[in-house]
Structure formats: C-alpha cells, structure tokens
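Several structures are given next for inspection.
Next come two complexes built around chain A: one with chain B, the other with chain C.
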Partner chain A sequence: MISSDVIRGYNDTIILYLLLEKESYGYEISKRIKELSDDKYVIKETTLYSAFNRLLKKGYIESFHREQTFGKKRTYYRITESGLLYYQDKCREWELTKEVINQFIREDYL
Partner chain B sequence: MDTIINYVDNMFASLPKSTEMKQLRDELLANMEEKYHELKQAGKTDNEAIGVVISEFGNIDEIIEEFDISQEGDVAKQPLLTEQEVEDYLQVSKKSGQWIGIGAVLCIFGSAMFVLLLGLFENGYMNGLTVETGMYIGVILLLLCVATAVGLFIYAGMQLDKYKYISVKGNFDLPIDLKSKIKTMNDAYQPTFTIIMIVGVVLIILSPAVLLSMIAFNENMANFGVFIMLALVAVAVYLFVYFGNMYGAYDKLLKGGAKRTKEKDEDRVIGAVASIIWPLAVIVFLISGFIYGLWYINWIVFPITGLLFAMFSGAYSILVNKEE
Partner chain C sequence: MEMIDRYIYAVTQKLPLSQREDIAEELRSLIEDMLEERVQGEDVTDNDVVEVLMELGDPRQLAQKYKGTKNYLIGPELFDSYMLVLKIVLISTAIAISITFIIKTIINPVTILDHFVELIVAFVTALPAAFGWTTFGFAISDHFGEINAKDLEIGTEWKPSDLAPIPDEKRQIKYYEPIVSITFYTLLIIMFVFSNEYLGVWIFQDGFSDVVPFLNNETYTTSLLFIILIMGIGITKECLKLIYGKWTSKLVTYIAIVNVISTIAVLFMINGNAFWNPDFLLELTQAGVITENSDGYRTVSMIWNQSTLWILVLLVVGLIWELIDGLIKANKK
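Moving on, here comes the complex of A and B:
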C-alpha cells in the first residue's frame, strides 16, 4: 500500500491518464486505480473529488451528467485539450523526477 | 447501508448546505453504495463491507480545503445539539407544559370553586354561614389559585429560558441520526396529538351545553352547572397546553431556526385565553352582583362566556390549521 502523502502530487496525473482512456465517473475511476495499481494504491473518496474539483477549475477536465442503466444520474468527466497538454507536461516531469530521485536511491537497499 | 449514509451525513453536517455540497454528498454516496454492493457480492459480510467503504472515504478536511469553504464565513457553523441536550429539552418542555397546564387549570378551577361555593351557600348547604361569608371564602380561594398559577407560569418560564437557543433563536443543527430519531418519535406522537386536540375542542364546545341543559332542568342548579362546565373546560385546557407544548417542542427541534415559519401555538393561545377569560367572567359576576345587585340573573355571564370561548377555540383551531 502506498501512503497518500507520497503520491499526492500525482493523483491528477493518474486521473487524467484514465480519462484519456475513456470518459468515466467517480467510482469507476477509483476502481480502475485500484486494479491498475494491483491493489497497491486505493484513492480515498475525498481525495478523488478534491482532484476532480481542482482539475475542473483549471479547465483540464469537464463534467457532464449521464443516466446509468438503473436510471441513476452520475457525474461523468472527460479530459479537455488543455488537460491533455497538462498531462504530457506531467509525464515529462515524472521522467525527470524519477531520474533525479533514482540518483539518491541505493540499489542494494531495494 | 444506513450506517454509511449516516457516516457521510455526519461528515457533511459541518459544511454549508449549498447545492454544490449536496451534489457532492450524493455523488460520494452513490460511489460508496456501488462499492458496498460490489464488496457484498464478492462475499464480504455487511460489517466488513461497511468497514472498507468507510475507511476509504478519506478526510473531509480535504474537501473543505479544496472547495475553499471558510468555516467562519457567511454560513456560520451552528452548534450541534447532543442527544443529552435534546433529551433535557424535551424533558423540560414536558415538565413546563405540566406546570403551565396546571396553572391554567388553577385559574379556571378558582373561578369554578367560587361559583360552586356561592351555590352551596345560597342553597343553604352550609348551615350557619351567610352567603357573604361564602363569597369572601370564594374570593380568597380564587386569588390563591391565581397567585399559585402565576407562580407556576413564572417558574415554567424560567425553566424554559435555558433552552431559548432552541425554542426562540433556533440556532442549532441536529446530527442526522438524532434528527431521524426525533422524527420517528414525532410521527409516533402525531395520532395521539390529533385525538387529544379533537377531544379538547369537543369538550369545550360541549361544556356550555351541559350548563344550559342543567339550567333548563332546574334553575337553582345554575351554579353547579357552571362548576361542571368549568371543570370540562379545565380538562380541555390542560390537554391543550400539555400536549401542545410537547408538540411544539418536537416541531422546534425538527424545523430549527431558519425554516420555522408560523408556529403552531394555537393550543397555548387557547390556554392563555382560558386562564384570563374565566377569572374575568368571575369579576364581572362579582361586580354585577355586589354593585348592581343582579344576583338573580348574572349567572348568565358564565354560559355566555362558555359559548364565546367555545366559538373562539373552535374557530381558532380551524383558522390556524387552514393556514398550514
């Protein structure tokens, strides 16, 4: 299990990656995160929705309503143009971060 | 699932009641519900599923920070009432309803005793004592009753004073689980309340009829008729005040400050009018008797007051109920 502190700066990236796959809603996204991380990261509800709010405000995603099979209305999200650019930035940033941090990680302790 | 709903509602209790927050709550709850059902389908027990869902809820402070909710902003946080406070408030309301009810009954009872004594003396049941003596005893009794009643009113008022923030200002919030508990209690109470109100109104309307039929039967019985009529009125007034007070207490808890509009004070209004009008009738009775010497006819004051009072309380409850 990864602590949420470590991953904090990359929740947005994770969400944008999933929205790039397809438009989706809250629970589906949190479920996908759990699956793709092999149960090593479970995003909290409040973290997820704080991220949605942040991304919406910055215009990286947009929301819309869609009826579900059982007639329930869910809020869906899709990524925007600027969201895609931001995601690409974050990918490069991670590459750099990884390189830098790796310099300080001793292989023999892994 | 109720546990989860309660949990989320409690988390959101301190946040503003905006549409944004309501939507967020619904959305979170929908996710949690879906997760809960999936976990159960995967073979988890109810408790396990609830445990996982709640542990994955997170921290409400994240929402507060991200959604820029200032806690001391325009939506001032209202103090949450505890279960103990609510219980105490209901208890005090019940007690003060009793005191106020007894006070109102005493005012009427004093008037009734006065008329009864007068009747007893007039008909010579009190051997050796003049009507005048009876009159003095009656007046003293009436004054004692009214004085005690005033004392009770003040005492009950002081007891209720502590809960002004609930009953008058209404600046409080209820935790959701407590609110639903009160609602259940209130709903359970509703049928009793309705029956009591009907009984009360019927008693008041019937009371002059008792007096009038007794007079028709034997005019000398007028005083005793007045006594019975007032006894019926007293019972009705007690029911109104006591049950009305309880009803009001639930109502205030459930509706809180902001949404409360016109209160259902009808029962207490009827009680207040009763505790003024009947001693007043006695005063008119005394003055017309002593000063104008109208003893042979002035008992008519009581049936007239009775009819007026019956008309008033009947019409009043209909009018108030219509406004809702």
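Moving on, here comes the complex of A and C:
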C-alpha cells in the first residue's frame, strides 16, 4: 500500500479519470481507486471530500443530487470541460515526470 | 440506528456551521454505503454499525480531517513581511525599554535597583505583548486576505506575459521608509507606556528635580489606550505599505480609510480639557520656570493654549499630504 507525497499530487487526476468514465459519488470512487490499484492505494473519505471541494471551486467538476432507491438522496459529481483540459495537462505532466525520474532509476538496483 | 445519528452529531458538532449540513449528508451516505457493502443485502445489525463506525474512527479526528482546509495562522504570502515587522517591533521595543532604563538611571542613579526591576518587568510584559499584537494583526489580515490569494491561484498557469511592469522608481515605496516609521511608532508606544512621568518640562535645581507633565495624570489610563490605538493604526498602515511595496490606488484607498480613523481617534482623545495637564501653567510657575505676568508667561501660555489646535492642524495636514503624495505616485505612468 502506498501513501506518499508523490501520489497525493495526483489525487485530483485520479478522481477526474474516474469521473471521465462516468458520473459518480464519493464512496464509489474510493472503491474504484482501491480496486484499480489492486488495494495498493487507498484514499481516505475525508481526503476525497476535500478534493471534491477543491475541484468544485476550481470549476473542474460539478455536483448534482440524484434520488436513489428508498428515497435516499446522494451527491453525484461530473467532470466539466475545463476539468477535462486540466486532466489532459496533468497526464502530459506525468509522462514528463516519469521520463525524467526514470533517468535516475537503475533497474538492476531494484 | 441511533448510534449513527450520534456519530454524525459528534463529528459535525466540531465543524464550522457553514460546513455542518453538507458534511452530515456526505457522512450519512458514506456510512449507509459502507453498511450496504458489508451486509450484502442482509439486514443491518447493531454489530455492523459498530464495526463501520470503528472503521471511520474517532469522530473528533474525523472532524479535524474534514475541516482540514487551513492549519496555519499566517500563510506563506505574508510570512516574510510578518517576520520582518516582528523583528523591527521586537528590536525597537527592546531598545526603547533599555533607553528608558538608561535615562532613568542617569537622572536618578540612587534608585537604580528600582529602575532595574522596572526594566525586567517591562521586558517580560512588553515583548510578549508586542509579539502577540503583531501576530494578531497579521493573522487577521491573512484571514481576510485569503480570498484574494485564492483568486490569484486559480490561474494556475503562470505566463511571463502576466508579469506586471516594474513600477516607476517614484512609485516604489522605499523599503526602509515603513521600517523607520514602525520603529518610530514602537518607540513612542514604549515611551508612553513606561516613562510617561518623564513626559513634560524637566526642572533642574541642583541637578534634576522634577517634571511638569504635559498630560493629565488622572485621565492618563484612558489617554494611553487611545495613544496605543492610534500608534497601532499607524503601524498597521506602515505594514500595508511594506506588503504592497509600491503606490497603487488600492493602497491609497486603504490609507485614506486608516487616516480618517486615526484622525477621529485623535480628535476624540485630544478634545476637551481632560487630556492635557490642567495645572500645567500653574505648576510651571510654582517650579520657578516662568514668572506670572511676565512676557515669558504670556508667550508660554499662548503656545500652551493653542497647542491642541496646532497639533491637530499639523496632523491633518500631514495625513492629507501623505494621501496626495501617494495619489500622485500611484498615478505616475
């Protein structure tokens, strides 16, 4: 399991990726992250909550309520146009980061 | 299910009002989701609830994490100015206290022990107070300035073309100007707080013998509050200059507001007889500095009676001049 500073900077990217797949809500997203990372990365609910707030403020996602069965109401999120642009930026940034850091990683030391 | 309500209450109770409803809703659907996953369609038992709540952990810690927006008093934008002002204020406070001690000792060397105790007391009380007020002032401006800073951050991509032009030499506020002013204000505050009894006309008869005070001793406590307030406003103003670093119309507006407030405070303080020593002329005569009905007496009495007016005029002219000067500099291309 990882919980490092490196990955923290990409929490928003991870969330946006999942919202690109489909509109979703907090708990589902945290489960998907756990699932897709093979239980190696677990994001805390509170981290997720503040990430949503941040992304909402920046206009990268928008929220709406959706009625569930049994009359439950749940906050859903969807990605916006500028959220997609930001996501693409972050993807390029990661490619570059990976490339640079890889220059300093020696496979035979692993 | 009552336990869930209690849990949500325990968490949200620790949160600011504005966030409570939102987080309560969020937390409730989270708990329900977690329960649903756990029981997989079966009935939820109390035991399931307990386990889910255990997983979420101590409500106080959870509340802390939900809140977790800002855990600093003075942010990085203001920190440099804060450290600078703090240093100036602390150093000038220490210097002022020491000078007060030296002067008192020179004037009255016999009671050096008393002066020394006063020195220690002054250090213990004034330095933490200076530290506290400076920090308080900056924490307040950080709190209210936060929204502004966020606006700036939104444009994450910084471009060289965004750079503001270098302000004209004449628009810049010289780095040392506010520093000198803050030092000056701090020295004045310390002087008023710790050595008001020396604020007056010094009488020398076989060496130093007495002081005829300018201010009214009976109302001095109230006056002192005003004086500290006015000086504090002055320091705030200098801090603004230090933070802005150049004359802009926004800075001029702030300074105009601050100047109006301090003029009102000065008017309030100085108006009426209670501020000045009502027996000043009498005491001066008794001390033998002036003789009644002489030319000297008339001159001194005229100066004394008109001093309030002239101090006010000078102050207002000074403050207006500062504004005009700032306005001219701000509008320089």
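Keep in mind that, in the parts below, the second predicted complex is superposed on the first by the 109 of 110 C-alpha atoms of A that agree within 3 Å, B and C clash if a C-alpha of one lies under 4 Å from a C-alpha of the other, contacts with A are read in each partner's own complex, and residues count from 1 in each chain.
Just so it is clear, a contact is a pair of C-beta atoms (placed from the backbone, for glycine too) under 8 Å apart; a residue touches a chain by one contact, two chains touch by 3 or more.
These figures come from a predicted structure and were not determined experimentally.
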When chain B and chain C are modelled together on chain A, clash or fit: clash
Partner chain(s) touched by A:58 [first = chain B, second = chain C, both, neither]: second
First, second, both or neither for A:50, with chain B first and chain C second: both
Which of chain B and chain C A:8 touches, first, second, both or neither: neither
Contacts of A:42 with chain B and chain C, given as first, second, both or neither: first
Which of chain B and chain C A:26 touches, first, second, both or neither: both
Partner chain(s) touched by A:98 [first = chain B, second = chain C, both, neither]: neither
Partner chain in contact with A:72 - chain B first, chain C second, else both or neither: both
Single chain C stretch clashing with chain B - from 2-10, 74-82 or 146-154: 2-10
Chain B and chain C contact sites that coincide on chain A, given as residue numbers: 26-27, 31, 44-47, 49-50, 72, 74-75
Complex contacts: residues of chain A adjacent to chain B: 26-27, 30-31, 42, 44-50, 53-54, 72, 74-75
Contact footprint of chain C on chain A as seen in their complex: 25-28, 31, 44-47, 49-50, 57-58, 72-75
Touching residues on chain C, where the partner in the complex is chain A: 23, 25-26, 29-30, 32-34, 37, 56, 62, 65-66, 68-69, 150, 154
Residues on chain B engaged by chain A in the complex (per definition of touch): 23-24, 27-28, 30-32, 34-35, 56-60, 62-63, 65-67
